[in-house]
Amino acid sequence: MSVESRLAEIGLTLPEIATPVAAYVPAVRSGNLIFLSGQLPMVNGELPQTGKVGGTVTPDEAHELAKICALNGIAAVKGLIGDLEKVVRIVKVTGFVASVPDFVSAPVVVNGASNVLLQAFGDKGVHARSSLGVAALPLDAPVEVELIVEVAE
Amino acid sequence: MSVESRLAEIGLTLPEIATPVAAYVPAVRSGNLIFLSGQLPMVNGELPQTGKVGGTVTPDEAHELAKICALNGIAAVKGLIGDLEKVVRIVKVTGFVASVPDFVSAPVVVNGASNVLLQAFGDKGVHARSSLGVAALPLDAPVEVELIVEVAE
Amino acid sequence: MSVESRLAEIGLTLPEIATPVAAYVPAVRSGNLIFLSGQLPMVNGELPQTGKVGGTVTPDEAHELAKICALNGIAAVKGLIGDLEKVVRIVKVTGFVASVPDFVSAPVVVNGASNVLLQAFGDKGVHARSSLGVAALPLDAPVEVELIVEVAE
């Protein structure tokens, strides 16, 4: 089953590639690795929600936003290599959660991204991961997710 | 002398691999690079101390915790490749320190991790490094350390 | 035109390599990738300005500091490989902005670094990028920039 049909199973469709908010590109390949720009949870070019997790944004809401970040990341990979079946491995996920200082459950939020990647890529989607609570994210996004992806020659 | 005997010289023993707090694996290899998940200073599955550095946690205490992060990272590498003598280079260390905003000495904390890596790997342990003060870390850990490691074929 | 003459066009000169503030090296190469240590906006070994962006530091001031970070990063690459014409691609830029929680325009600051890299390397300078607002940076620096760079054999 293709990556996109596995996503469809859980009701997700790849978006058009989210336009970066500044002077850079969504993804760069070097050898067999693709380094992605930090993915914000943009939907049709807008953030569905802003604010800090543990403040005005609940962990559940942020978990949903992290799923969108992952979906945008998969779309960025597709935009670069065309065929998602060329993905060999999701190598690394870094999840940044805009957190009030006493919100210490960033991993719960970032699980939203991890779960989408597992659904999309199966065993190839199992990754190393860091989850971090940061002071603020671009456009007051509650979550930002960054990926390193290995692809076939 | 082996990596583990060099660690024993300073009284350190590799732990069992720390269990991730969420749905990911401790380390993923791509080509000759291993990307590690962010390592918390877990000891026997628990954090010996929580809180923010510059708040309830002193820099000296955090420096000790950073040593544990590095040790857990070395254990994660061993868990993946079996033989630590295959390590060619500690390429990159990123140290995240949960900081109150006026604590601006993250490098002093992260030195704890750097020193363990130098002790363990000698010249192969000399790395590039970033030190960052973040708003909050998983489980209210004061420190989290991430590694990129080059290994032989 | 050489990288250094392209920088001269906008009035920039490569500095001596900034000395790390702790026990690590400015850059490590693994295969064709160079991983840089986080670059602070040091000028002659000192920070021209300290503080948080959105607090005592304006976005415009931080944008200028981000340019210095990029310049120091280019100098670190030169220090490692000698000849900047061997740079194949600026692969990834991560810009950390020491931010008060309501400063959500880190990308505007990090553009300072991106613009220097584009000026220096042209098409090879187009990169993937993450911009993050963090709680605090070493020595109270307002900005820190990290690079991954691909070089020729």
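Here the chain labels run A, B and C in written order, and each chain numbers its own residues starting at 1.
In this section, a residue touches a chain if its C-beta (ideal position, glycine included) is under 8 Å from a C-beta of that chain, and two chains touch if they have at least 3 such contacts.
Computed from a predicted structure; not experimentally measured.
Visitor: Fit chain A to chain B on CA atoms, both being copies of the same sequence, and give the resulting rotation angle in degrees, nearest 5.
Guide: 120
Visitor: Are the interface residues of chain A and chain C largely the same numbers on each copy, more than half shared, or largely different?
Guide: Mostly different residues form this interface, as fewer than half of the numbers used are common to both chains.
Visitor: For chain A versus chain C, what separation do you get between their C-alpha means, in angstrom?
Guide: It comes to 24 Å between the two C-alpha centres.
Visitor: Chain A: which residues touch two or more other chains?
Guide: Chain A, residues with two or more chain partners: 31, 98, 100-101, 134-135.
Visitor: Going by the contact rule set out above, which residues of chain B touch chain A in the complex?
Guide: 20-28, 30-31, 35-38, 50, 52, 96, 98, 100-101, 134-141, 144, 146
Visitor: Along chain C, where are the residues that touch chain A in the complex?
Guide: 31-33, 88-89, 91-93, 98-108, 110-111, 114-115, 118, 126-135, 148, 150
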